[in-house]
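Order of writing sets the labels: A, B, C and D. Residues in every chain begin at 1.
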Amino acid sequence: MTITTKSPPFSLRIPIRFSHCDPAGYVFFPRFFEMIQAVCEDWFTQELGLNFSEMIIQHRLGQPTAYTECQFIKPCLLGENLDMAIILDKYGTSSLHLRFIGTVAGEIRLCARSVQVVISLENGRPVRIHGDLRKRLQEYMDNVEVAIDIEPQRR
Amino acid sequence: MTITTKSPPFSLRIPIRFSHCDPAGYVFFPRFFEMIQAVCEDWFTQELGLNFSEMIIQHRLGQPTAYTECQFIKPCLLGENLDMAIILDKYGTSSLHLRFIGTVAGEIRLCARSVQVVISLENGRPVRIHGDLRKRLQEYMDNVEVAIDIEPQRR
Amino acid sequence: MTITTKSPPFSLRIPIRFSHCDPAGYVFFPRFFEMIQAVCEDWFTQELGLNFSEMIIQHRLGQPTAYTECQFIKPCLLGENLDMAIILDKYGTSSLHLRFIGTVAGEIRLCARSVQVVISLENGRPVRIHGDLRKRLQEYMDNVEVAIDIEPQRR
Amino acid sequence: MTITTKSPPFSLRIPIRFSHCDPAGYVFFPRFFEMIQAVCEDWFTQELGLNFSEMIIQHRLGQPTAYTECQFIKPCLLGENLDMAIILDKYGTSSLHLRFIGTVAGEIRLCARSVQVVISLENGRPVRIHGDLRKRLQEYMDNVEVAIDIEPQRR
């Protein structure tokens, strides 16, 4: 008998700062995409064991976003702490289908999906995800359990 | 006999600057959403006759994005000029369904859709689009012809 | 006999992210000023006991920068951790004279000075720093000892 | 008899956008440094005849800022047009001593100085400014007349 204990998704806590906010007093929506990039970086480094800066600088690999969508459910206010969770929905030869759920004290504020493609920064071509990274991605998919599950609703 | 002469959509030319670009040498994707916001501002002021800064500061109205999706078709490089065109697909009581097509010398680089909601900045509630603005929106929909028509392909 | 134990200055550790870096691969210098703002926010909230977001939103006080200078001594690279320390050199009726020293693993990367003015966001006028805040500022000046002391060299 | 007609300095008109502004409703000060970078880029390309993007991408030369100071005289508001003028105070073997004066309808809002160093992006070392660029810099210094002359006042 095997008992599998699932873990919550990798998450980055981001304090909402003055520099994120617009004249309406709320986070200016493009800043959320910077936060999505930030959680990806830490996920690569801390969860997948692939140091993000080495990946870019030494290995000359990038992970540009080919498609993204985001539903902004409730605004974020200066001083709040946004927990940005990252979920791997699937992966392909060179692509990652990611989902991001942003919550403040457990309350959903935004939900996004992104398709990223792993490319060579030398020639811009897609690079096959292989070996250890592939194994780590599969483990992440298998082991993560999402407490609040939600998808961006297309409008 | 009536001859209707349609116009190309309102467009903002944006020089790709050092501040837009990432260590891979291309525009960092969240910057495109700032550019999308920029063309909206100029469209309000120059095309719809509703001064954007007065709308925010005096009338205390905002146009937060409730949903957005973007397909990044080809990267943009430092020194290129991106033409960001804005198309109004439809509008509702308080909402604008907008589409954005970004081209460099006629070549498509990105395509986005956004749903924006006109709200009161005093209480965050949706505000009815009425009178002159409604008329201008209808005129813009009626009179614009899009040479390169494309939608973001959901992935 | 009194033994005074001085503390190191308040400091914020900032991971250097993709979004901070320019096509040259280093932090784009305006991002350092965003980091300087970030350490100020946390210093207000965590060290001075004046919640920064409440200060802006509820008390409608701001701390705009009236003057700043920065010497960029050595570039910061993607993946490094920058420790941004904040030093209070002096304070006046409404002004704060601050110094910022940015180090990576103890090595100096930048050194800045800023003069900030506490103002009312209602009318833009300077506001007298009084009571508890004044006391806390004095304590911070008295109790902080800077291991690496340096000033930006004007050029 | 020779009549020398001097020209006003090169200047970039920057519309103050939503993305520049903070919860206080004014331009967030780090954005001004992005604007300073923008006027430098256009000055290189349009005035000095050295295409900025080619300089970075093809010639692999950069112009990092080694020192900057800025006095923020009056805030800039959403919807205003900021004219950012660039003045060359002097130049050295590899360095440019620049001054920036930001005005709205002729009224001074900010004044900055920067020392930039021309470097090789391959090895980070300073590169000698020579030939055509040197000549153009001298011409710019000789031919520019500044109507409103001001320096940042150090505090």
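Simple rule for what comes next: contacts are C-beta pairs under 8 Å (C-beta built on N, C-alpha and C of every residue); 3 or more make two chains touch, one makes a residue touch a chain.
This one's a predicted model, so the numbers in the text were calculated from it and none came from an experiment.
Visitor: Count how many hops through touching chains it takes, at the least, to reach subunit C starting from subunit A.
Guide: Minimum number of steps from subunit A to subunit C: 1.
Visitor: Tell me which has more C-beta contacts between its two chains, A-D or C-D.
Guide: When C-D is set beside A-D, the one with more contacts is C-D.
Visitor: Based on CA centres, what chain would you say lies at the far end from subunit A?
Guide: D
Visitor: Counting shared numbers against all numbers at the contact of subunit A and subunit B, is it over half, same, or under half, different?
Guide: The interface is built from the same residue numbers on each side, given that over half of them are used by both copies.
Visitor: Distance-wise, how many Å sit between the C-alpha centres of subunit A and subunit D, to the nearest whole number?
Guide: 37
Visitor: If you average the CA atoms of subunit C and of subunit D, how far apart do the two points sit, in angstrom?
Guide: Once rounded, the distance between the two centres reads 26 Å.
Visitor: Residues of subunit A that contact two or more other chains, please.
Guide: Touching at least two other chains: 18-19, 23, 25, 28, 30, 34, 37, 56-57, 78.
Visitor: State the interface residues of subunit A toward subunit C in the complex, per the touch definition above.
Guide: 15-19, 25, 34, 37-38, 41-42, 51-54, 56-57, 77-80
Visitor: Spell out the residues on subunit C that touch subunit D in their complex, using ranges where they run on.
Guide: Residue list for subunit C touching subunit D: 23-24, 26, 28-31, 33-34, 37, 56-57, 62, 64-72, 75, 97, 115, 121, 124, 152-155.
Visitor: Please output the residues of subunit B touching subunit C within their complex, sorted ascending.
Guide: For this pair, the touching residues of subunit B are 18-19, 21-23, 25, 28, 30, 78.
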